[in-house]
Structures are given as structure tokens and as C-alpha cells.
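Two complexes follow with subunit A in common, the first pairing it with subunit B and the second with subunit C.
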Partner chain A sequence: MPPETSDALIIPIREQQDVLTARQKARTIASGLGLGIADQTRLATAISELTRNAILYAGGGECQLWDQSDDNTFRIRVEVRDQGPGIDDIALAMRDGYSTSGGLGAGLSGAKRLMDDFEIETSSAGTRVIVTLERSRQESFYI
Partner chain B sequence: MNALEQAATDRFTTLLETKRSVILDTWVDQFLADWEGTRHGNLPPEEIRAQSQLFLDQLHRLLQNNFSHSWQPQSADPIVQLLTQLSETWAKKGLAAAQSTFYILSFKRILLARYLELESDPAAFSAAVAVLDLVLDRLSLVVVERFEMTRERLIKQQSLSLLELSTPVVKIWDHMILLPLVGVIDTARARKITENLLNSIAEIEAMVTIVDITGVPVLDTAVAGHLMKTINAAQMLGTHVILTGMSPEGAQTLVKLGVSLGDITTRGSLKAGISEGLAALGKVIIDGHRRAG
Partner chain C sequence: MRIPILRLGDILLTSIQVDLIDEDILQFQHDVLTMIKNRDAQGVVIDITSMEVVDSFMARVINDTANMARLLGAEVVVCGIQPSVALTLVEMGRGLIGVTSTFNLEQGLREIERRLAARLLRPVTDGDSNAT
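Our next item is the complex of A and B:
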């Protein structure tokens, strides 16, 4: 896992409004890199899913955003963590349609499909999900 | 209460009997004068006068009946009820919080001035101040608290009505309505939207309902879930639902999320949705220019 650099953007997640803030900041980073609307939307949606989960299941948490682009690749890394009760059965939680809250149960699995890398760690001390959007600088992906 | 405080209390009781009308006049005049030009305009002077009169009566009764240090305003006290009602009215009429506090404090000043005319001994005077502090400061707290509670409630009500305002259902043709969704759809709003929509559908017997999501920034699973519930409920009332305004990115994202909106007609643009709706109603759009030419 890459070191947590100091230039991470940290957004406390407590309520709906913070979800919007996190989404907005991520969009700004993505558009600043020249990523198109489609990628911005993916990123915003994944963040929406993870931060909403933090609010709903853990009473809030924190969202960190990094621009880790290098010479060859645009790379935006998002980490959403909370200190909630954790997830009992990750395999089950990752399954499409599984929800303990009467939701669609497609948040975690959907975020995984939307992004290029997905990691999750969970214990009774909390949950941490890290997702990354990666695009080669060579390609063109404007929409 | 010590002897000096008891004496002061008795003196106030007497003052409220013998100087009642002059105290009342000075108090009301001063209050009105101090807020000249501010917003007591919609607060009729007669009303202030009547309320102040009641206040004097209640205060008189309070001081007369074994008034002591242990007295605390209780919501059942008539004087507390009077002030509660007064601050609610003032808060609703948009007066400043300072005005309601000033109301009690100016009364305190006037009463003390009257007291000084009778008794100038410093020890007696400071006992008098202590007695008034005891009763009036506590009462002014009641006023401020109630004032703020009322304000908060008003603000909550206003944001609730904003909720309603922001989910208008528009009748665009006989038996055809449009629900333009704009902004963030959380659970509270989704419930309100569904409620409004179902009422409108029933009211105008809508056969076609167009739900336009052009203004919805992110279609995540929570929003999609709300949307599906709203649409399903509408369909249950027998209306044909057409979803419009989904962006290509939104559609892609939904597919990636693995969410399907089920069995509904979707059209890219609102315009296409309206033509579709009219067609479903058996109406045809004719280009008037071409026909005339």
C-alpha cells in the first residue's frame, strides 16, 4: 500500500452534506487531470457508495483523496474508513444484492466494478476501503 | 429571604398596586419608543399594553404569595405561560431576540426607579435589586429560551416547506404529469416526492407520468433505490412511467453498479419523453408551419 502522503485531502464524513463535498472534491481532482465526465461520474459514484456506507453502518468516518499520478498514469486513490462495528462476512457483503439495511446491496460490489482497484479491510475496530481509478496517459478518454 | 429582602418584596407589591397605571404607561411607551422604526410595526400597541397589564397582575400575585429564593419558573405558572405565549408571538412576527429581552429588562429599570423614590437607603436598595434579579432575570431567561425554540421550530418548518417546493409535480397535458427531479435525493425527500407524486397521479388521473432526472447529479444505488420505489408506486396506480434525462455516463454507471431500473420506458431527452407520452395518450404532434406552408 502506498505511503500516506501529506497532500491527501481529508474530508470528515458525518452526514449527507459531507458525501456531496467528497464527491465534489474528487470530481475537481479528476477534471483537473483532464479526465472526462464518464470517469468523474464513476469516481463520484464509488465515493458516494463508500461514504454513505460509512454513515449508515458506522455512524460516519473519513474520506481521503490522493492524486498519485505519475509520468505514465493518472491515478486517483480514495480511502474511506470508519470505526464502526466492521463487516462480519466480507464475501457475503460483496455479493450483489446482499444488504442488511434493505438497500440494493450493490454498493460495495458496484464500487469494485466501477474502479480499477479495490481493497477492503475490516475488523471489529472498523472498516477501511481503498479504491483507485487508473488511466494511462497515452489513451484518450474525453467524453 | 432576609428581612431586607422581604421588606423590598412587600414594597414592590405595594408599588404594583398604587403606581400600577403609571408604571404600565412608562413601560409600554418606553418599549415602543426604543424600538421605533423597528419591527414592532405589526405588533399593535394595544396588544403590548394588554399583555403588559396581565404581566403586572401576575407579578403582583407572585410576589404576594410567599415569594422566596427557591422560586423557579414552572411551565404551569400563569406568569410563565403569559411570557411563553408572548415570546412565541414575537418570534413568529419576526421581532429580534434582543427586543424580547429588552422588554423585561426595561421593566426592571422602571420598577427600580419607582422604588428609589420611596427608599434610598443603600442596603435596602441592594436587597431590592437582589429580589428583582431573582424574579426578572429568571423570567427573561424563560422569554429568551422560548423565543429561540419558536425560531428553531419555524426554521424547521420552513425547510420542510422548501422540501415540498423543491419537488413540484407539473401537469403538462390532460392526464399527463411531469416530475422534474433536481438535486440530492435523500430518504426524507424521496418520501416527500413519492407522496406528492402519488397524490397528483390520483388527482388528475394521470395516465402518463414523466420522471425527469436531468438535475440529479449522481445516480448511486441509494438514489436508484429511491427512484425505483417511487416509480413502482406510481406504476401501481396504473400510470405509464417514462424516465427521461439520464445521461450516458449515468446509464453506464448504473450498468456497472449492476442496477436495473426494471420495466420502464426510458427516453434520453425530456422532449422525446413528452412525445412518447403524447403518443401513449393517442395525441399526435403536427408541425403547424409545414401544414400552413
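Our next item is the complex of A and C:
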């Protein structure tokens, strides 16, 4: 795991409005780096899925955003953590179409597909999901 | 935040202009269905041009709304899906499956009108005349 830099943006996730705040802030970071609208949308959508889960299953949590870009790579790291009861069966929760809440069941698996890196830790003390969007600075086209 | 629903003859016209929280879109679903019933609306156009994020929950509610409206007997078209939203939904493994979509509001209205005109031509059967 990359070292945590000090400039993390921390957004408390308590109510639905915070989901919008988190994804708007992430979008601002992505557009500030010059990432295209598709990547901004991927990031915002993944955050929407993860923060909604935190509210739905844990009554809230926290979303942290880091710009960890370096000379070669644009890198935005997102960590969503909660102190809920944890996920009983991660394999099942990651499965496409599986939902305990009446969504599409695409929340976790969807966020994973949209991002370049996906880690999840869960226990009875809570759940932590870390996703990263990575783009080479050399790539010349972004939609 | 309540999304306004306009009536244009037999057709309901609605445009989602702001970032919505889950409760708003569920309220919207309720409002659309109620208005179809109360006004005997024959068609609904849902414009989502301004939606920058459609996550799995939003997609699910839009899908459900279209299916519910269809069950009531109305035709539904979603219009203005942003390319980045389409890309994201498909990458996530989901689309707005089963919903007809058009580029813009004008085409959406035209599509609804076309379908309503086709309804008048279609012979009434007691089978699954609404199946497509």
C-alpha cells in the first residue's frame, strides 16, 4: 500500500448529501489533474457506490481522497471506511447481481470494474474499501 | 428536491437537472407513476442530459420506473444519456436494460408520438399486445 500523504481530503459520510459531496470533490480532483470526463465519471460513480454502501449497511462512515500522482502517473486513491457489522461473505457480496438491499447488485463489483485497483478489508469492527484510479501521464488521449 | 413533471397533451415531460440523492429519485418514481394514473398520460419522456453520475442504484430506479410506467400502459423513453454515463454503466456490467433511449428530448418526444400513433393502428387482441 502506498504511503499515506498528508493532503488527504476527508469527507464524513453521514447522510445522502455527503455521497454527492464526496463524488463532486473527487471529480474536482480528477478534472484538476486533467483527467477526462470518462475518468471523472468512473471515479465519481465508484465513490457513489462505496459511500452509499457505507450509509446503507453501516449507517455512515468516512471517505478519504488522496492525490498520489507522481512524475509518471496520475493516481487518485479513495478509501471508504465504516464501523458497521462487516460483510459476512465477501465473495458473495462481490458477485455480480447479488444484493441485500434491492439495488442492482452492482455496487461493489461495479466499483471494482471501474477502478484500476481494489482492496477490501472487512471484519465485525467495520469495512474498509480502497480503490485507485491510475493513468499514465504519457497517454495522450483522454475522453 | 422535487423534480418537476410537465404535461404536454398525453405526454409527461420530465428533466432531471440536478445531482439527486436516493430519496429524490424514489420520490420522482412515485410522482411519475401517480401522474400517469391521475392524468391518464400515455407516454413519459425522462431527460437525463444533466445527470453526470448514474450509479447502479439510480440505474435501477430509472429502469424500474420505466417498467412500472409500461405496466400502467404508458410508453417510456429516456433521453440524453451522456457518453461517459453510458460508458460507466456498461463497464460496471449494467446498462439501462430494456429502456428505449434517444439522443435528445426532441427525438424522445418523436419516438413516443410514433409509438402512440402505432398503438392506434394496432388491432386489439386479448393477448400480449404490448409485448415488443
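By our rule, the second predicted complex is superposed on the first by the 142 of 143 C-alpha atoms of A that agree within 3 Å, B and C clash if a C-alpha of one lies under 4 Å from a C-alpha of the other, contacts with A are read in each partner's own complex, and residues count from 1 in each chain.
Note that in this section a contact is a pair of C-beta atoms (placed from the backbone, for glycine too) under 8 Å apart; a residue touches a chain by one contact, two chains touch by 3 or more.
In this text the structure is predicted, and so the values were computed from the model without any measurement.
Q: Between subunit B and subunit C, positioned on subunit A by superposition, is the outcome a clash or a fit?
A: Because the two structures are overlaid on the shared chain, the partners are seen to clash.
Q: So, does A:Arg137 touch the first partner subunit B, the second partner subunit C, both, or neither?
A: Touch partners of A:Arg137: none, neither subunit B nor subunit C.
Q: Quick one: is A:Arg23 in contact with subunit B, with subunit C, with both, or with neither? Answer first, second, both or neither.
A: both
Q: Tell me the contact category for A:Asp96 with respect to subunit B and subunit C: first, second, both or neither.
A: Both partners, subunit B and subunit C.
Q: Tell me the contact category for A:Ser109 with respect to subunit B and subunit C: first, second, both or neither.
A: So A:Ser109 meets both subunit B and subunit C here.
Q: Take the contacts of subunit A with subunit B and those with subunit C, and give the residues found in both.
A: In subunit A, positions 16, 20, 23, 37-38, 40-42, 44-45, 48-49, 52, 96, 103-107, 109-110, 113-114, 143 sit in both the subunit B and subunit C interfaces.
Q: What part of subunit B is in contact with subunit A in the complex they form?
A: Residue list for subunit B touching subunit A: 184, 186, 217-222, 224-225, 247-250, 252-253, 256-259.
Q: Which bits of subunit C are touching subunit A when the two form their complex?
A: 19, 21-23, 52-57, 59-60, 82-85, 87-88, 91-94
Q: Which of the residues in subunit A come into contact with subunit C in the complex?
A: Listed in rising order, the residues of subunit A that touch subunit C are 16-17, 19-20, 23-24, 27, 37-38, 40-42, 44-45, 48-49, 52, 96, 102-107, 109-110, 113-114, 143.
Q: Residues of subunit A touching subunit B in their complex?
A: The contact residues of subunit A facing subunit B are 16, 20, 23, 37-38, 40-42, 44-45, 48-49, 52, 96, 103-107, 109-110, 113-114, 143.
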